[in-house]
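Two complexes follow with subunit A in common, the first pairing it with subunit B and the second with subunit C.
Here is the complex of A and B:
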């Protein structure tokens, strides 16, 4: 189909616009992370796109090294929150993926579970704020406030619907004949699930896990309500980076933001091959 | 070695009856083709034999033993799926060895058998290649090998050749036949391709709409189809079936085909025709069995297809249409002209216009 040059130009303009809108804040954050205090606190004409005097001061600062210019001492360093985020997001992902995959497989293959799909999706019907207060009270009663398993558990519960629905679509798309073939050759159900189904679903598992992990990783609200100090995660810690003397510590926040972007990017690259390969499986397409 | 007996077998899904009251005995070592169009119940039958579906009624017996409650892993059947169901995350070797490993065959024995089957099916060069990304033809061999390596007494194949190209299909037809000759399994082969059924099977079971219509050797079914469906389904093209009326001419009975002429019935058919209560009758004859004649039936030739050695003549007359298959060497009729042909006595079949059943060829 022949399109006019004007239309093509318009199309690319729109694409560039969208890319700019989504990337400029990220680039601004990266740039700010490497600016000294004089630059990130500047306003008006002093504002520059690139750091004039690039420095790692912001990174040093959040890890506890005081700088000459910033005479604010941090109560806590970023190390602990980063560890808390990594641990709780990972364990939460593990919980959601294990339960979600098992439920999705049972439902997809045996039609067991009745109202489970709807029951799971209604976990997402309410705004999180509406359920978080009761959850907070329950968690407090159970002694799950401000520890890693309490936070991991709620992460697993909150992202379970995503894990379940994603995995169910993938299981529904996998031809049953592949499992039947193994069954007819004398395999048990469990063995088929562990040796045939799960290995073949590796791409699906990887992409679902990445999605669930990013959801957990970027949570602010839950961690804000369910942690106080020891297990505050990156977003909660980031909100605390301010002082009465300096106001918001934008440079430090930007540095922490850059660090927070690293794990999802690494995971994304690691499973990229699975993401782009898609799910063709062993069977021929009809 | 196993004999399979299906007794009053039926399967329904809700209100839909996929298979009704099927009775069929497949002898030990027999090659049985289940033939029919899509949705005729042939795959349903197969899945019940394998144990993937549970019958709604009736029983399945292997060597006289009821196996309805035996799980599929314990039935000792091999199954080749239409879409091959290859484990793409494994190599060709691992695919071949999979069933043996599941059944706890010793490593040494396993290696020997994988090697033997790889040679037999010409898979040796790609044994260590990943199964993902192999060509359709190789996947097909692998699927057969993976089932055959367990040397099942019963080997079930569900349209295994429907995705491969025509040339390879011809090769595989003869290989499957020789594979069976070598191991002597009881084979059940589901197909909608009558050529596959005709060339490979010892007997064919023709099915339509969940019913078994006829069981017989390929030639029996070709020569004496039980009803109009089988007559039209078997053969390429199928049997011509025309509406006619019985008329008494002097001391013989003839069938008058309106607009075409009439054919005298041979004595054997006269007796059969006498059983009809009305003079209406269906006359069937194979396109291959008619030839040009001075007198006989006359039809208008619509168009002529030349396909190498044979020529297919498409004819019509009023509401009736028929085809003739002639050798291209003989003089073939011209398009848009009338053509007169004769039907030899032994090529004529009579069918009941109400029930569609053949009047002879099946016991009353």
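Here is the complex of A and C:
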């Protein structure tokens, strides 16, 4: 369809304007992460938009190396929280994907567990805050507070709806002929699932796992309630990163923010095709 | 006779095969069922029990002996008269009523601009999706920096008004809520855009072509063909945002901590504060249950209606 040049100009102007605005907060944080302490906030009326003297001091600082300007030593460095985020998000993803994939296959092929779709949507509907009291009581009873497995288990349950729905739509899309052929050959259904279906679904499994990982990695509230110190994740650690001596450690926090924000953005762009499917519980496929 | 004898084992074999399939299906769904039970049934029963007592973790007695502090429905009657709770609920609904329409209109407008091909579409599309992939807590921190009184927002305002602007966005009770809503709109408009664009692309072309041939204007085609065909997708997109804003916590809590005072205290922030700072867990259980019951009724009703809508 032909459109007028005026329309094309209008379209680019609007889109570029919105893209510019939507990038400002992210760029501001990236710029902040590379600013030396003197440029962190406006001294007088002079605000630095782009670092005049770019430095890696902020990154060194959060990993425990104090510089001449930042003489405060951190009680805890960022290494441990980054590890905690990685481990809990990964194990949570593993739990959600294992239970979700198995259940999705069970429902898609054998019609079992017909209550799950609705139950899982409802699970997604409830604010996590509304079920956290019993979880906190149980967890402290089981000694799972501030414990990597305790946090991972909740992550696995909270993201199970997404894993289940994503995998269900992928299984529903998959032609059954190949499975049927293997069954005629005399394979057991279990073997067909493990040896034929799952390997064929590898790309779908990878996309779903990345999607679930992003969700787990993005959590703040649950980690805030269930961890205190040893297994505090990046966002929890970040919020604690203010000292009474320096006030807000803008640059240091921004550096940590960049570390936290980059992996999900890359992963998200990698699985862009499936984002709609995942976010709408498979109601829409692109 | 010979036919029957050969048939018999075959049906039997098919029967056992169907049985084993059903059994495998049950086993496969079992872990998910157990996890759902684990997070749904047990915690809810526990919440019902605790909410009828005056128990808190500071009492020094384990939760199962909470009956020693039995107070019946007092927590619930307290809740009815809790002005802080109703304030938080109203504030959450207000944020919802402002943010969802804004996100919807912006997302829809962008989707219209992206629906046909143009140069650079893919790159611009990916770039627009970046905000929704930023970790919400980090997004909260970004906006915390932007809205500092010596921060870039004020710097830009100073530039445009050519006089120094020093607005304390996050410590002004009225402005803090606006700042929080700006952050939410920034982060989640891309989600609306993503879903609405996918829905718009899936509207079949044939009717539109016919309408073009009949000389219908673009606006006419959009409102009589495209939008009605997108109805169910629009409902899904709106429902997702409504649900998520009802839970709003991360970004907001990092930006303002619910303050100043209670100016940005939403339902989740309020529950969090009662849980962590005032430690009245039995009361939290009562609030949580009340919310769960209302949400369950609303959701069952909404899903039933949507299913009926799809059939008809």
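The criterion applied here is as follows: the second predicted complex is superposed on the first by the 256 of 286 C-alpha atoms of A that agree within 3 Å, B and C clash if a C-alpha of one lies under 4 Å from a C-alpha of the other, contacts with A are read in each partner's own complex, and residues count from 1 in each chain.
One rule holds for everything that comes next: a residue touches a chain if its C-beta (ideal position, glycine included) is under 8 Å from a C-beta of that chain, and two chains touch if they have at least 3 such contacts.
Please read these numbers as outputs of a predicted model, since none were measured by experiment.
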Which partner does A:230 contact after superposing on A: first (subunit B), second (subunit C), both, neither?
neither
First (subunit B), second (subunit C), both or neither: which does A:107 touch?
second
Among the partners subunit B and subunit C, which is in contact with a greater number of residues of subunit A?
C
Tell me the contact category for A:186 with respect to subunit B and subunit C: first, second, both or neither.
first
Would you sort A:196 into first (subunit B), second (subunit C), both or neither based on which partner it touches?
first
Which holds for A:173: it touches subunit B only (first), subunit C only (second), both, or neither?
neither
On subunit A, the footprints of subunit B and subunit C overlap at residues 188, 283-284, 286
Touch list for subunit A against partner subunit C, complex:
1, 3, 8, 11-12, 14-16, 18-19, 22-26, 28-29, 32, 41-42, 45, 47, 49, 95, 98-100, 102-103, 105-107, 109-113, 116, 118-138, 141, 156-157, 160, 164, 188-190, 193, 214, 217-218, 220-221, 224-225, 234-235, 238-239, 250, 253-254, 257, 260-261, 264-265, 267-269, 272, 275-276, 279-280, 283-284, 286
Interfacial residue positions of subunit B with respect to subunit A in the complex:
50-52, 72-75, 77-79, 81-89, 98-99, 102-103, 131-132, 136, 139, 146-147, 150, 163
Complex contact set, residues of subunit C against subunit A
20-22, 24-29, 31-33, 35-36, 38-40, 42-44, 46-47, 50, 57, 63, 106, 109-110, 113-114, 116, 118, 124, 126-139, 141-143, 145-146, 148, 150-152, 155, 158, 164, 186, 189-191, 194-195, 198-199, 201-202, 232-233, 236-237, 240, 243, 246-247, 249-250, 253-254, 267-268, 271-272, 275-276, 281, 284-285, 287-289, 291-292, 295-296, 299, 303
Would you mind writing out the residues of subunit A in touch with subunit B in their complex?
175, 177-178, 180-188, 191, 196, 199-200, 202, 281-284, 286
